[in-house]
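Both complexes below contain chain A, partnered by chain B and then by chain C.
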Partner chain A sequence: MCLVEVEKSPKPVASCAMPALPGMKIKTNTPVAKKAREGVMEFLLMNHPLDCPICDQGGECDLQDQSMAFGADRGRFTEMKRSVVDKNLGPLVKTVMTRCIQCTRCVRFASEVAGVQDLGMLGRGSGEEIGTYVEKLMTSELSGNVIDICPVGALTSKPFAFKARNWELKGTETIDVTDAVGSNIRVDSRGPEVMRIVPRLNEDINEEWISDKTRFCYDGLKRQRLNDPMIRGTDGRFKAVTWRDALAVVAEVLQQVKPEEITGVAGKLSDAESMMALKDFVNKMGSDKVLCEGNGPSPPADLRSNYLMNTSIAGLEKADVFLLVGTQPRVEAAMVNARIRKTVRATQAKVAYIGPPTDFNYDHEHLGTGPQTLVEIAEGRHPFCSTLQSAKNPVIIAGAGLFDREDQDALFSTIETVAKKFNVVRPDWNGLNVLLLHAAQAAALDLGLVANPTESIKSTKFLYLMGADDVDLDKVPDDAFVVYQGHHGDKAVYRANVILPSSAFSEKEGTYENTEGCTQWTIPAVPTVGDARDDWKILRALSEVAGAQLPYDSLSGVRDRISMVAPNLVHVDEREPCTISSEVKPPVKQQVSSTPFKTVVENFYMTDAITRASKIMAQCSATLLKK
Partner chain B sequence: MLPPAARLAARRLLGLATSSASDSAAARRLSRSPISYAAAGCSSRLFSTALNYHLDSPENNPDMPWEFTEANMKKVNEILSHYPSNYKQSGIIPMLDLAQQQHGGWVPVAAMNAIAKIVEVAPIRVYEVATFYTMFNRTKVGKYHLLVCGTTPCMIRGSREIEEALLEHLGVKRNEVTSDGLFSVGEMECMGCCVNAPMIAVADYSKGSEGYTYNYYEDLTPKRVVEIVEMLKRGETPPRGTQHPERKNCGPAGGNTTLHGEPKPPPCRDLDAC
Partner chain C sequence: MAAPLRRSLPSLGRTLLSPSPAPARMLSAAASDALVEIKPGEIGMVSGIPEEHLRRKVVIYSPARTASQQGSGKVGRWKINFVSTQKWENPLMGWTSTGDPYANVGEAGLTFDSADSAKAFAEKHGWDYVVRKRHTPLLKAKSYAENFKWRGPPKAEQA
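Let's look at the complex of A and B:
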C-alpha cells in the first residue's frame, strides 16, 4: 500500500523498502501511484470477508480506511474466498483468522517485543495463516498489544467483543495506576461506564505498549464498588447511612481516642492529594503515625535517589550491564521489563539476577538467591565482578520488595558499596535504581508518609485505611476502630467499622509519581459511583466535623500545600533528579541477614483492589498462570 | 436459459456441495477450484498431507519421546558443521528431511521439537518451515509414498488418469494410507521430467534413512503404473526412469532420428595456429 512513483523508475516503488537517495524525485499522489495502490488493495480484499458491520475493528480498521481511499466499489474475484480456522490465544485476545491479511505484525511483536515465540506464519501461498501450530495460549504479560497492532479485525479484544463501537466512545487521556510505571493510557468510556483502556504513546515511559493488567483491569472498576457510606451495626452487618451520619460517627470516635493512638494508612492506589490530606489530618489530630503500605518498616525517604529509578526508564536503553537485586521486573513492572528486553536485544547487554528463580524473557545469568551473593559482589569475590568492572554504563535495579526486609538498611548500603566499587554512579550516569511496586509509593515517600507499620498498627485504637487492603489486619487490636475509605469492597472491608466510599483513578483528578520520579495526572473519565467522593474531599469534610479543619477547599489548594512539602509533585510530566548525593548518609551498623529474597508479586494479574475485583483478571490468573 | 453469472454461481454451489461432503478436514479448506477436480474423483486440492495446525493424536503429540538414532545423530552433526554456530537454524531443512526418513516418511511434532532444541530456536520456527514445504509430510504416509506430478505438461499427457488408476487400484483417496500401510498417493509440483511426462516419484521409506530412495518413474500409462505398484508390493525394484520400452533416458523413442555420429565441433578459430 506504500507504492509511490519515482521519477525515471519504470515501475512504482515500495516506499517502505526503498532507501531515499539524493536527487530522487518521489511523487506520492499521482494517477500511477493511485492505480498501483488500487491494485494492491484489490488483492488484499480478495480473501477478506465483507463482515465490517459485525467486526469489532470497524471504525478503527486500517484496511477499512485504506479501502475508503483506494478500494474499488466491486470486486472482480469470483472464486471462493478462503476461510481459516480461529485460534484460541487465551482469555484476552479474540481471533477471527479469516480476516487476517498476513501482515505478520503480531508474529514480529510476539517474538521481538513480548519475547514469547509462540506465533508464527504457517503454510504457504493462499493457505498461509497465522497460528501457533500446536494448541497454545499466548502467555505474555503484553499479549493485549497485538490487538492494537493488528491492522484488521483478526485479533480483537475478547472482553470488549461486541460491547461498543469506537465512535460511541469518549476518550480520556490519563495514566494507569496498577503498577508504579504510570503507563500513559486512554480510557474509553460510554456514559458512566469504562468500556476499554488503550495505550497512549509516551516514548519515555511505556512507548506504545501497555501490560495486560493495565489494559484489562477495567471491568474491576464496575464490580465490588462501594457506593454509600456505611456503618457496621451491633449485629455485625453494614448499614447504608448518609455522609453526615458517617462523618459524625467517625468524628465522635476520634474525640475519644488519644492522639498517639490514631494511625492513617494510605493504600497503593492513593494519589498525592489524598495522601497529603491524610497526613495533614492525622498530624492535626496530634499523631505522626501515617504511612503508605508497601514501604516497609523504615522507608528510605531521606533522599529521593534512594527510592527512585534514577536512570529513568528510557535511560535503561543506554545501559550495557544490568544487575537485578530481588526484583522480578516481568511481573513487578512489565513495561520496565520490556525496556530491559529491548536493550538486551539491541545491544546484547548482559543481565544478572539475584533472587528466587523466576521467568525472564531474555538471556540472563542467575547469580544467586540471597543477599550473600550481593555481599560477594561488594567484596569483589564474585566472578560477575569482572563483567561489572568492564561495563561502561552499569545499572543496578533493586526491587521495592527489599523495603519489607529487616536488613534493608544494610542491604541498600551493600548495594551502594557495589555501586561505588564499579562506578555505577558518576556525574554523567546514575545507574543506581529502585524499582517501586505501587503507584502511590513514590509520592508517599516524597510527602513523608513514613511511619513504621508494625508499631503503628499494633498500638492503634483508631485506624484510618485509605484504600489500604494489604496491611496485616491480624495485627490490628480487637478494640480498634477501623475506618475504611476506598472504592472497592476488598480485603480490609471485612474488618472495617465505617466505610466511606471514594472514587477510583478513572473518576478523579489526582497526581501520581511513577517509579522514575515523573509526576503525572489522572483525568476523570467517568462520573463516580453512587455517593462516592474524592479521597481528599472526604478527609477535608471529616476534618471539619472532627474540629481540625484542613486549610484547603479546592484541588488547587491541596496542590499549593503539596508544593510546599514536595514541589516536584506539582511539576507535571517532569522528572526532577535528586541533587544530593548519597555520600551524606550515616554509616549503617546493621548486618545483612542470609534469608533469601522473596518473590514479591505472586500473581501478576491481581495486585490491588481493582484487579482483584476484575473478572477478566481472574480468568487470566486461572488460565495463564497454570503451572 | 440462465444468465451466465447465475450459471456460474449455480455451478460453484454444486462444487461446494461436493467438497463439503468429503471428509471434514478437507472441507475446512475450501478447494480453490471445485469443479476441475470433480472429474479426478478428488474434491480437495491439498498439496501437503496435513492441515496448517497440529491435532494431538496417540501417534503424533508433543509429549511423545523422539530423538535421532545414533547413526543419524552423526549426520545431524555433519549438517551442523556446514553452518556457523550462530546460524544453526540453517540446518532445519536437512534435519527435517532426515527426521522424515527416519520416521517412516513423516515428521511428527515431537521430531520438530527435537530439531528446535538442536538448532536452539523456538519450536514455532521449525513448524513454520515444516508447514511451508509441501514435501515434509506432517501426517502418516505409506512406506511407499507415490507422488503424482500434476503440473501442466504431465496433466496434458494424462496425469489425472494415472492418479485415478492408482487411487482405484489401491482403494484409497488422495493422501490416505492403504490399510496395509504400504502405499499412499499424493500430488506434487513439476519435477522437471516434462519431456517424459507423465511421471510419478516414489519415496521409499521401507528401509529407513539408510536405504531411503526417491525414484522417478516416467512415461507412464495407467496400466504400467499399476504394474509398478504391484512390483513394489512384492518387494521388487522396478527399473527407474522411463517406462517406455523403446526409449533410453529422455532420448527419442526408437533411437535417434537425428544427430547421428559425433557432433561437429563449433566453428571457431584455430587455436593451435595462434
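Let's look at the complex of A and C:
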C-alpha cells in the first residue's frame, strides 16, 4: 500500500523503507502506483478467507479498509485457499489462523513490548504460519493487546467472540480502576451491558496498551452484584428492604454507639467523591477513624512526594538505573512494568531488585530478599553502590506493600538515605518513587483518610465498609454492627448486618488519582443494576437520616468540598507533581527489621471485588498461573 | 428556513418567559446576520427542547483512535457525550429502551471540527459542559535503514 512511483526509477518504490532524497520526484497517485498496490492487495487476499460476515474483526479491520481503498473490485483467484490449524493461546486470545496475513506484528509485540518469546513464525512460503512451535499458552499479562494489534481477525478476543458486532457498540471514554495506574480505556457497551473494554491512547500513562486484567475484568461487572438494600434478620439471612428502611436501621444504630466507636473504611476501588463524603460523615458523627484499605498502620500522608511516583510514568524512560525495593511491578502495575522494560530495551538501563524471587521480563540483578540489602546500600557497603554512583538518572521504586510493615518508617528513611547519597533527588530530576497498588490509595492519602486500621477496627462498635473487602474481618468485635456499602457480594458481605448497594466504576462519575498523581474521571457507560446508587449519594442520604446532614447535594458540591481539602483532585487530566521536598522530616528512631519483603499481589488476575467476581479472571488464574 | 421556524413557534409561548415574538425574529436574524448576538441557552429555549433537558451536563471530547485500526481519518473530531445511562432491557424481546431523547444524539448525530465549536454549540443550548483533553500520539523520527545500522560489536542479547 505504500508503493509509490519515483521518477526515473524503473519499478514502484516502497515508500516506508525508502528515505526521501533531495531532488526526488515522487508520485503517489499515478496509474502505475495504483496498479502496483492493487497487485499487492491481490496477493494479500489470495489466501485470506472470505469470512468477514462471521469474523469478529469485521467492521474494524485494517485489511477491509485497505482493500476498500486499494483493492480491485474482483478476484482472479480460483484455486484452493490454504488453511491453517488454529492454535490454543489460552483463555483470552482466540485464533483463526487461516485469516493470518503473516504481518508478524503479534510476534513483534510479544517479543518487544510484552517481553515473552511465545510467538514466532514457522515454515516458509505458503506453509508459513504464526504459532508457538510446541503447544503453549501465551503467558503474558499484556497478551490481550495482540487482539488490537492483529490487522485482521486472526487473533480476536475469546470472551467477546460472537457476542456483538462492533458497530452496535457505544464507546464511553473512561479510565480503569483495577490497579493504581489509571489506564485510559474505552468501555464499549450495548444497551445496558458492558460488552468489552479496549485501550485508548495516553502517552503519559498507558501508551496504547492495557493489561489483561483491565481488558477482561468486565464480566465481573455482571456477576455477584448487589441489587437491593438488605438487612440481615435474626435468622442470619438477608432480606431485601427499601432504601428508607435500610437507612433508618443504620441511623438508629448510629444513635446508640459512642462517637469514637464509629469507624469508616474506604475500599480500594473508591472514588474521591465518596471518600470525601465518608470522611465528612464520620467526622460529623464525632469520630476521626476513617481510613482506606492498603495504606498500612501509619500512612505517609504528610507530603505528597512520600506516596507518589514522582518521576512520573513517562519520566521513567529517562532513567538509566532502577532500584526496585519490595515491589513486583509486573503484577502490581503491568503498565509501569512495560515502561521499565521499554527503557531497558532502548537504553540498556540496569535494573536491580530487592524482594522475594519473582518473574521479570527483562534483565535484572537480584540483590537480596530483605531490608538488610537496602541498609548495606545505604551504608555504601554493597557492590551495587558503584552502579548507582555512576548513574546519571537513577530511579528508586518502593512498593506500597512496604506500608504494611512494622518497620515502615525506618525503611522509608533508609530509602531516603540511599536517595540522598546517590543524588536521586535533584532540582532537575526526582527519582524517588512509590508504586501504589490500588486506584483509591493516592486520593485517600490526599484527602486524609489516615486512621490506623488495626486500632480502629479492634475497638469499633459500628463499622462502615465502603467497598472494603480486604480488612481483617476476624479482628472486628462480635458485637459490632457492620454496614457494607458496595457493588459486589464479596468477602465482607459475610460479616455485614446491612448491605447498601452502590454503583461500580463503569456506572458512575468519579474522580481517581493514579500512582503518579494524575487526576482522572470515570464517565458512566451503562446504567447501574437494580436499586443501586452512587456511593457519595448513599452517604449523603444516610447523613440526613442520621441527623448530621452533609452540606452538599450535587456532584459539583462534593467537588467544591474536595477542592478545599485537596485542590489537585479537581484539576482533571493533569498531573500535579509535589513541589515540596522531603527534607523537613523528623528523625526516625525505629529499627529496620530483618524480615524479608513479602509478595504483595499473589494473583495478578484477582485483586479486587470486580476481578474476583469475573469468570474470565478465574479461568486465567486457573490456567495461566499454573506452574 | 421558514418551515422549521414556523414549526418551532408554537412552543415559544410555552418555553419563553417573554410573550413577545421578538426572539423568533432574532433567531432568523441570527441565521443571516452574525451581528446579532445569541445569548447562552437561547437556542435551546426556542428549539422546543423539553424543559428538563435544557440544563444538562455534557462532556465534550475527542474520540481516540479505535485500538484495532490504524486509519486516522476519523481522528481529531470532537463529540458531545450526553452521559445518558437511562436504559433498560425489554424483558420480553431483549430490546433496549431509553427514557432519554439525547441517548443516541451525541454518538451518531453531532460532530464538530474543533473543541471551540462544540463548546459554542453546548453554550447555545444551555448545557453545562466539561472539555476533556485530547491525547495525541508522540511521534518519533524513525527510519527503516536504522534497523540495519552498525552499532558496534554485539553485546549480550537482551531478553
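Just so it is clear, the second predicted complex is superposed on the first by the 622 of 627 C-alpha atoms of A that agree within 3 Å, B and C clash if a C-alpha of one lies under 4 Å from a C-alpha of the other, contacts with A are read in each partner's own complex, and residues count from 1 in each chain.
Definition applied: contacts are C-beta pairs under 8 Å (C-beta built on N, C-alpha and C of every residue); 3 or more make two chains touch, one makes a residue touch a chain.
Since this is a predicted model, take the numbers as computed values, not measurements.
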For A:N361, decide between first (touching chain B), second (touching chain C), both and neither.
-> second
First, second, both or neither for A:T132, with chain B first and chain C second | first
What is the contact status of A:E509 with respect to chain B (first) and chain C (second): first, second, both, or neither?
-> second
After lining up the shared chain so the two structures overlap, which partner does A:C217 touch, if you call chain B first and chain C second: first, second, both or neither?
-> neither
Pick one for A:V198: touches chain B only (first), chain C only (second), both, or neither.
-> second
Pick one for A:L44: touches chain B only (first), chain C only (second), both, or neither.
-> neither
Considering only touches as defined above, state whether A:C61 meets chain B (first), chain C (second), both or neither.
-> second
First (chain B), second (chain C), both or neither touched by A:E173 = second
Does chain A have more residues touched by chain B or by chain C?
-> C
Both chain B and chain C touch chain A at residues 117
Any idea which chain A residues touch chain B in the complex?
-> 78-83, 85, 87, 111, 117-124, 126-127, 129, 131-135
Spell out the part of chain A that touches chain C in their complex, as residue ranges.
-> 16-19, 57, 60-62, 65, 115, 117, 147-151, 170-173, 184, 186, 190-193, 198-203, 208, 344-345, 348, 361-363, 507, 509, 521, 523-528, 572-573
Which of the residues in chain B end up touching chain A in this complex?
-> 8, 12, 16, 28-34, 48, 52-54, 56, 62, 109, 121-125, 127-128, 131-134
Partner chain A, residues of chain C touching it in the complex | 59, 61, 63-71, 81, 83, 85-89, 95-96, 107, 130, 132-133, 135-138, 143-145, 155, 158-159
